[in-house]
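Right, I'll just put the structure down here and ask away after.
Labels A, B, C and D are assigned to the chains in the order they are written; within every chain, residues are numbered from 1.
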């Protein structure tokens, strides 16, 4: 029973495939998987929008959407209908082809990422040997889409937004990779399923998630920061800082294309927090061994949604950074720390079992964090803003 | 020769041609990325998963962006009045054609000695990692050094002018 | 212990090296380094000294050497090494201890000098070299350190090189000692040629051991000397140079131009004693084949030189007015005593006086330094006086040193050591003259020291600014040294001749009955009388009232002519000026003339010839070579211009050519593969 | 026509296209793009030969390709940096106007 609950989607897929001739079955399996993803995540996106709006409203002491449907649950439906029926405006001077392609490329590239995420036991579309690499490759190609959007719609705000976005994405991609490489070094594989398997053990009922090790914790924090910047979420949402440039690179998009951008952004959030879950939070493995009976996919999605919630929470809490602060933070704080973290991981790997490695690794990390933080503060690279008034 | 091969080849060559022929420099850059993607697909088709993904990561993720940035920084995107092709472009074209003729001829000549379909090699990332850390560790180090040097060099080359301007 | 003995000299030398690298203002570091290293050396020396004493007490072999080959030329190999025996052990302790005290003193004395660090660099280099001299077991090593010592002495005398007198004195010291060193070198070479080794002791094969000595004795040299004796005399010449024996003493008084601690360390306690030590080291060489009465020609020469120097220097000291010069001459005369003691009484006698003298003469010099310091750099005794009130501590210690130097009976070390020498002189088999000379010397010593004391400490203040007592860092060493100057005599009394026994490796016997021996009583009485005579005379003349600077000295009023001679140091310098230096000057002029006229002319002729040849070549060049060459250049220029066309600075052109090259290459490859 | 030769032909075509671009375009960046294309054609050759060569398990060609990708990245970075700084100097990226180095 438990097994069936756990494997229900897999079984479903097999059952459906069973109705087809053997020749088509591989293709059919893939198609089914793709279809599932393509249906599931946009739905999730719809839910998340309303969830976010309500959450922000709570934080800002409002009520939020509450007109459409009970408690405004159906708000996203209304939004969807609106954006579909809205007139699609393309600026006259815009570069039609690129302007048209940009959102498509973005969404496609983002969707690709889900292909390698294990969303549950045996629930991965393609179990690639170099899954992580694939994921990052796809993530890298979204930057191009953003640029295309910004450049093609001949508008200096869009262009500025695009430039900002691309610069920011590139500079935060480095710590993102670095912090994931630490996991790869310990798990000894680029395949995400193997990484999850490696974390799926328990001692005294507690899981062996990587976040519960010094390097894992540090890596996870770095990863979280990097992802926030990668997905242009606040406090790193300069690319679409409404106060400065109207809406960043999708200023000139309206109607369905705009919706696509919106979708792409949230999908990116989903996929990247899914990856974080897989790398550091033990993927679909249960937090306590006695909870093993709960289906694995439930754990995956709940963890993912949890990190989504954190995203929203930060958005509601933190103010936006300045461009130079952003860059300094990336290159002078996050990157060095990830490098230190790599070294520490190596140490952890070769120090062998025993309490020493806990002490040493944590000590090194804490010291590095403190030293770099203080140095940065003193030089004013980051830290509290200093306001300069016009003379 | 499978259908996939022809499709990918068409895509890649089209991308390449566009990258060379288009008037708008940014379009060229985008077309270039198409060509890169096609090559990545080629690699995948040739069972070189790792190389393919590396290709995407490096070229589409980094080089294309670099090119685009360079274009914007040099305001090269607006097309110059006096044509995008250099004065005696014809000579260049002829030479390129000559090169292609020679290469193609060579390939076709040696067609009979080339090996035929062989067994699909299974290459795990683990093997690649072992190779990189074992047999090819020296080149790896050298490449790492080279990349560092290149990074510093690029930064200095791009920064120097501003410094002196201050 | 013996095998790490090399650390003792090595430490200060290393310290010197480090200090040399320090920056000028790092004064404290420099002083700390120097003093620390030297105190370490002192500890090591003590650690070396104790076992030697113990082994001697148990009557076992008390000489341990460590040798190694430095380099090898064919069959002959040059060995270096160090020896640990009573002689070196005692010298080690003495040098490092006195040196340490003087270092501490210098921190106070040189406090105001801006070249503080340089000073300490040189000082500790000197200390290291001197310790090296002491432990050397090979004449070569000894010679190296010897030269190092000479160099540092030169550097330190000329420390205030701004003063022309100082630099002149430095040069003088260097050159004069060099004269002796040449003899030393000669002796060394000769020794090497004879024995094939420069090691002193090398369990049986050393040059000072029976086998070699026998060989040397068999070798007759000129005027009835055996090779051993001749070599010994040559080496003695070197020693005389260093420790200012009669003909070569002239540099020592001028050496007082250096800072006072330098005078105390180098020109009183240690370096000048190095000569004596050297003679003691090679004593077997001189003693070899002793005639009846245990003396040889070489030893006789040593004795006469020593005795004459003792009297001669004492005489000059009487008429000096510079506080340090008086002490310098007394040093010379005391060194004479030591030499004489070596010549007549053997190692123990000479070295005992060396040790005691080292302490009280260092004390005197430091006291003088303290006086000079107190009187703001005044050195003329006639401009001092009445200081016993202003600087009581200095006065007490100084007078202790003075009494020790005079050999005041029973209480002071100088008495016993000098007595040993006198006794030896009395029993000398050759002649009695040295005995009386030395007695006379003792009288003079007592006299001039009293004179100096009266000038400096008694009477009333005749200088400018009133004097003040020196800081504790300077007076403390004085006190310590004073204690030793008094107490050290105990270890060498005739009743309990520990020192002598230790040096000669004899068993130690204690009996008070020696004092009942009439001979000894007589001798001690004689020296006592002499001393008191000297003191009394001095007090009688100067005690009441020392004359003020402008008016002539008391003695001068009495007998002006001899006083004049003495004041002018018996005209030795002038003698040298008219003989040696004049000769050198003449020879230099000759060489100069030769240079200008003869060689210069030759060179000029050659140069002219070459000039001619060059003219010829130029003609050839202009007419023949250049013509063709220019043509060639034009051709090349034209060709280059043509080629430069191709280089039109267009990248793409180059690229095209490259591509063409590719095509050609592929075609060629394929053709070649075809055939 | 074996599959390998097919890949080789495509590679040669790409190479020639890149060369043509490098030879005919004015914009220095476009020339760089052409060179990148040529490099990639070479990579394709490497991979193809690795795949159809006698010893694919030795990974030689693959490694060669990976290294050449890394080197190409460096080359692009430096090349573009040079172009930018030239643009700062001469305010043009037109190669025909950049002939100061003429002999």
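Here is the rule we go by: contacts are C-beta pairs under 8 Å (C-beta built on N, C-alpha and C of every residue); 3 or more make two chains touch, one makes a residue touch a chain.
These numbers were taken from a predicted model, which means no experiment stands behind them.
Return the chains shared as contacts by chain A and chain D, ordered by label.
B
Between B-D and B-C, which chain pair is linked by more C-beta pairs in contact?
More C-beta contacts join the chains of B-D.
Taking each chain's centre as the mean position of its Cα atoms, how many Å separate chain B from chain D?
5
Could you please state the distance in Å, as a whole number, between where the Cα atoms of chain B are centred and where those of chain C are centred?
Comparing mean C-alpha positions, chain C is 81 Å from chain B.
Could you please state the distance in Å, as a whole number, between where the Cα atoms of chain A are centred and where those of chain C are centred?
Inter-chain centre distance comes to 84 Å.
Where the centres are mean C-alpha positions, what is the separation of chain A from chain B, in Å?
The answer is 29 Å.
Indicate the residues of chain B shared as contacts by at least two other chains.
Where chain B meets two or more other chains at a single residue, that happens at 50, 54, 62, 69, 86, 91-92, 95-96, 99, 103.
Going by the contact rule already set, what residues in chain D reach two or more other chains?
Where chain D meets two or more other chains at a single residue, that happens at 19, 22-24, 95-96.
Identify every two-chain combination in which the chains touch.
Chains touch in the following pairs: A-B, B-C, B-D, C-D.
Would you pull the chain B residues touching chain C in the complex into a rising list?
86, 91-92, 95-96, 98-99, 102-103, 105-106, 109
What residues on chain B touch chain D, complex-wise?
Listed in rising order, the residues of chain B that touch chain D are 1, 5, 9, 12-13, 16-17, 19-20, 25, 28-29, 32, 35-36, 39, 42-43, 46-48, 50-51, 54-55, 58-59, 62-63, 66-67, 69-71, 73-74, 76, 80, 83-87, 89, 91-93, 95-97, 99-100, 103-104, 107-108, 110-111, 114-118, 121, 123, 127-128, 131-132, 136, 139, 143, 146-147, 149-151, 153-155, 157-158, 160-161.
Could you pull out which chain C residues touch chain B in their complex?
652, 656, 659-660, 662-663, 666-667, 670
Quick check: in the complex, which residue numbers of chain A touch chain B?
Listed in rising order, the residues of chain A that touch chain B are 95, 98, 128-130, 133-134, 136-138, 140-141, 143-144, 147-148, 151, 159, 163, 166, 170, 173, 188-191.
Taking the touch rule as given, give the residues of chain C at its contact with chain D in the complex, in rising order.
Where chain C meets chain D, its residues are 643-652, 655-656, 659.
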